[in-house]
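Presented below are the structures under discussion, each in the form of structure tokens.
Common to both upcoming complexes is subunit A, partnered first by subunit B, then by subunit C.
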Partner chain A sequence: MSAAITAAVAAHRARERRRLAMLAATAAVLAVSLVLDLATGPALLPLREVVLALSGQPGADETVSVILWSLRLPMALMALVVGVALGVSGATMQTLLDNPLASPYTLGLAAAAGFGASLAIQYGGWGLPPVLAVPGAAFLATCLACAVILGVGRLRGMAANTVVLAGIALLFLFHALQSLMQFRASPEVGQQIVFWLLGSLAKADWHNLAITAAVTAIALPLLMRHCWALTTLRLGEARARALGVPVAALRLGAVALISLMTATAIAFVGTIGFVGLVAPHLARLCIGEDQRFLLPLSGLMGALMLSSASVLSKVIIPGALVPVGVVTAVIGVPFFLWLILARRLPG
Partner chain B sequence: MAVLSRRRLLAASAGTLLAAPALAAPLRLQGLDGSTAALERPAQRILLGFYFEEFLAVGGTEALGRVVGLSRAAWKDWRPANWAEYVKVLPGLEAIPDVGEVEVGTFSVEKAIALKPDVAILGDWQVRGLGTEVARLRNAGIPVVVIDYHAEQPARHIASTRLLGQVLGEEARALRLAEDYEAAIAAVQVRLAAARRPRPRIYIELGSKGPGEQGPSYGDHMWGALAKLAGGDNIGRGVIATWGPIAPEKVLASRPEVIAIAGSEWRQHPTGQLMGQGVRPEEARARLRGFLRRPGWQGLPAVREGRVHAVYQGASRTLADFASVQYLAKALYPDLFEDLDPQAEYLAWHARWLPIRPTGSFMLGLG
Partner chain C sequence: MLYAEALTLRQGGRMVSRDLSLAFPRGAITALVGPNGAGKTTLLRALHGEHPLAAGRIALDGEALNPTTRRRWQARIGYMPQESRAAAGLTVLEAVLLGRAGTLAFRLPEAALREAAALLEEFGLLDLAGRDLTTLSGGQRQMVFFAQCLARRPEVLLLDEPVSALDLRHQQTLMRALRRLTEARRLISVVVLHDLNLAARYADRIGVLAEGSLRVLGPPAEALSAPLLSAIYGVGVRVLWGEDGHPMVQALV
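After this line comes the complex of A and B, so read on.
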């Protein structure tokens, strides 16, 4: 008997080690992607100059330094932070709501952000500078959407289906409002709204990177605290309740945290919706349901998806310029389908 | 008190005089969006976003040597035949790096900065489209000079032209261009004012989509503003802010007395209105007749009286659009402007200021 237990524990530890190795491997690939992201760009700078400028040596060309320090570096890091925020949010939502389609995008949070942003773009930001007004409005609209979802959910005891349906209803509402904004806008402003909706890392700078990173850094440990409860929830809502997990309170608290994190991330880079849906699935295919590993890996996968999409958008046609949001979807969707069909689950 | 301030004034002016040879007074330029840009001297490395022909008209063909980056698609893709003509006379054009185009979202701030321009000349529509990206150019130390010919207000045309003159150090030439433009527009206005006629209703449509689909029309912007200068009562006014969709039944209900379809060399559209470089008049008229088959159009006064015209998109939002104003004025008041030959004026303007000699259809009617 004790031999069986020892064997089971050993097997479990071995699984844990495999999962840790998986996390480490993803982090390593992510590091490579980050380096490539910094090394590539439409300006086609020689690698030597990039290294020189990054190391901050006095001989570095001033223009190259500006490009690296105020454009490429914040963009590359923003891809990581936003990828983590969206990946973790998506994974938590899918678990919380027991729905593989749940993500910040499908629950209407991204659409709400888009509506808030288009409102600010259309009406010139009510006297505030656009760098503040647009993310601010996107953030407020997302919080509003989240409040409505949680409010409706509360009325029905935070039942998963109610929350999902409320989210989808909001998705349609905010899409309609977005279209109204686009219709009313002049073509130039309409263009700006479209690009915002498309999502782009190009808006990243040190200020908004710092804000996004800070919010994510605070929200992540708070979410990770729930990882055992979330893992239990995967056994089914009834069992989780029986084991003493306060399901309704967990949903309320975690959705609020996720919304805060998502709202901040999308407010600055626009609606990069696909990542939040797909990254958790990729992570689950690699690592299984143990939330202690699933949440971090979802975050890493999200970061990797965004970072590699950013690299690809720059190297597909060197020197040419392709919006990154488009690349994420065009390359990501077939890849995702292939993964689903191939069912590449590790043993 | 007075003595002291005068002494101070003297000291200050002496200081300026002494400093002058060492440090040229920087150019402080007020852009058409209200922003300011400071340049040490006329620019030697220029990033050019739009208004390419105005740039060449003011700076001459030599000025092209100072262009380090172009928003190429806005020229090559939008007016391919015109681009081809310029490449023939200025082969260096093709070697100028591309910074991407605003409307399709490819404009790259990184590439723009990497080209190390000492000024970026952008259209007001580009600055609006770029939004907060423009601040990044400025933060990287690149002054952005905003010009605008899209509004089709003579004062903005003139201010934009003078700005080009200052940036390029060709102020005399810019002044001549601006004065010519002002005079041509004023000549039309004088005749209109003297005649005191009611304004005929006019409908203008961007004909790129062909007769099958209603194209965008204009408010007090671009063709709408040109029609106003030409003494027309634009039916899109009050319905459309700048440019955009108008309901087909609104067009029918407004019973326009004159219709103008704006065309270009967009041969990729099988039924779109063709106009411009290398377009034969009979092709242009055949496409234009297609629009008359739209439901209800046969009953419109403009169609019944044969007052349907095609104008050239490339002859709007440019210094040469005075010829389009003349043409629209002639279309609206044929007897008042009988003596004018606007297309000839258009070609003569090119001969005077630009290196290409356009051939093709730039303004014509069905009559």
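After this line comes the complex of A and C, so read on.
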């Protein structure tokens, strides 16, 4: 075996190590963001107290413990879980549909959730309490949208363009239906709908956190099983087929999985835009197309975006909680424009 | 032996090939030539198990191609389509590795990496191993995709215009490698070529396709006849004989 081959293999291993280091570094920044998220709020808690209360050591301030464990921790962790779900979903969608603009938001899934939620807010929850009815309706509407997208897609052999166009058509449809609901609602109900649509982590508690985390934890390994097939898809559909990747079946299975993950996340926190679109691009710039690393980094980047947006949402206007969906969009839009101008978008 | 029997292929309702029967032996290169739209690419895609058969049958060593055998079938084939798109963020070495995407574990085995690097070395591309695929020229990329095909350790090679973007030297490099590998590994090689002289020089047999039917299949000297080529291409053609005994085709313009 020649020395040149050994050198090329070593260079590849070094690249893999750099990517792992990038993952570790992002996780570390994320941990810092999590602690900051826990410390900020109406009462600014000293970092030392936060760490002390989290570690459960004796001597921690009881008030701090209560604020942390029953209020801030579920919200902060929800930001991470939803961020991971949206980041990974966006990355997978962009790859599957060969479209840099694909994300749960642009394909109408979030709009469908918004419509479902406004329906439940407006007309009540068929006997269920709103705390169950609203996320339940959002979830069902998202699944319905996904079923329509996949149904239309299947008629055309899951061609990427058909799936994207079906998604965009649904985006407009559900936006229109959402507007109709708002138009017909009384001012109070209308405000509730608007608040839901803006997306907020304040709805998080331990129960819905557990559900979202469980769904994400089940879906992620199932997606990661396809990491080599997804990487191959980056070379174009024709070549992926040539290399034996069952493209249509992969699209069908993975889009269903992503929709389930997104539907659960969005149902509990409302529509949060741009994380699913921008986090994967950021990850791609840092780490390349090897999906073994790209999917985890997209998840971490999504979590980092949402977690830092959560911190900002509490400090931008002192004493007020700006909906986190607004913050992600306000940060996301200029960043996205910069990405476009820098011509770094693939495709 | 790879067989296609009484094959009828349709594309969007249009008949692409009708009643096509061909056999491709082991250890030989069969070149498919013919004008644009003759159905060459569709035939390759059918042989790969991607294009549905309207009628007829395809078999490899007695095993028929059908939906239940398709996965196993495709694992035995190295198919190089014309598409040469590349995504930024993949290195040349990674692209070659993806030839084996179906069998790779989450953690890459050392042997797979070494094998991919060895293929690059064979084509003089090892210097580019760490380069981003998008920074390569079209020709270099085509060589990388050829290496990717071989990384699959195929029994059958189906190459769709593999030299279309290559300069003169790299055309010879690729075709010579194909010649050598076909003989050494007893591959069934099927190559779609537009360059008739390249086909004459390297192929054992040439199949001339026009309007979806096979006009002739035989050794270059037999298949490349001036009257046939003139008729199917619609230009005057002269066939000369090179010093090495291979026919040379010249268009009369």
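Observations, loosely collected:
The rule is simple: the second predicted complex is superposed on the first by the 307 of 347 C-alpha atoms of A that agree within 3 Å, B and C clash if a C-alpha of one lies under 4 Å from a C-alpha of the other, contacts with A are read in each partner's own complex, and residues count from 1 in each chain.
Throughout what follows, a contact is a pair of C-beta atoms (placed from the backbone, for glycine too) under 8 Å apart; a residue touches a chain by one contact, two chains touch by 3 or more.
Fair warning: this is a prediction, and the values are worked out from it, not measured in the lab.
Applying the stated contact rule after C-alpha superposition, one finds that A:V131 touches subunit B and leaves subunit C untouched. By the touch criterion defined above, A:A43 reaches subunit B but does not reach subunit C. Within the superposed three-chain model, A:I121 lies in touch with subunit B and out of touch with subunit C [touch as defined at top]. Residue contacts after overlaying the shared chain place A:T63 against subunit B, while subunit C stays out of touching range.
Looking at the shared chain after the overlay, A:Q192 reaches subunit B, while subunit C stays out of its contact range.
Legend: residue contacts after superposition of the two complexes on their common chain; A:E289 is shown touching subunit C, with no touch to subunit B.
Of the two partner chains placed by superposition, A:A147 touches none, neither subunit B nor subunit C. Within subunit A, not a single residue is touched by subunit B in the first complex and by subunit C in the second.
Interface residues of subunit A facing subunit C in the complex, by the touch rule stated above, are 1-2, 4-5, 8-9, 11-13, 15-16, 224, 227-229, 231-232, 234-236, 238-239, 241-246, 284, 287-290, 292, 346. Remark: subunit C residues 48, 50, 71, 74-75, 79-83, 85-91, 93-95, 98-99, 101-102, 104, 106, 108, 110, 113-114, 117-118, 120-121, 126, 129-130, 145, 148, 152 touch subunit A in the complex. Those residues of subunit B that touch subunit A in the shared complex are 100, 102-103, 105-111, 113-114, 116, 125, 128-133, 135-136, 139-141, 216, 241-244. Touching subunit B in their complex are the following residues of subunit A: 41-45, 63-64, 66-67, 70-72, 121, 130-131, 134, 186-189, 191-192, 194-195, 198, 200, 202-203, 205, 319-323.
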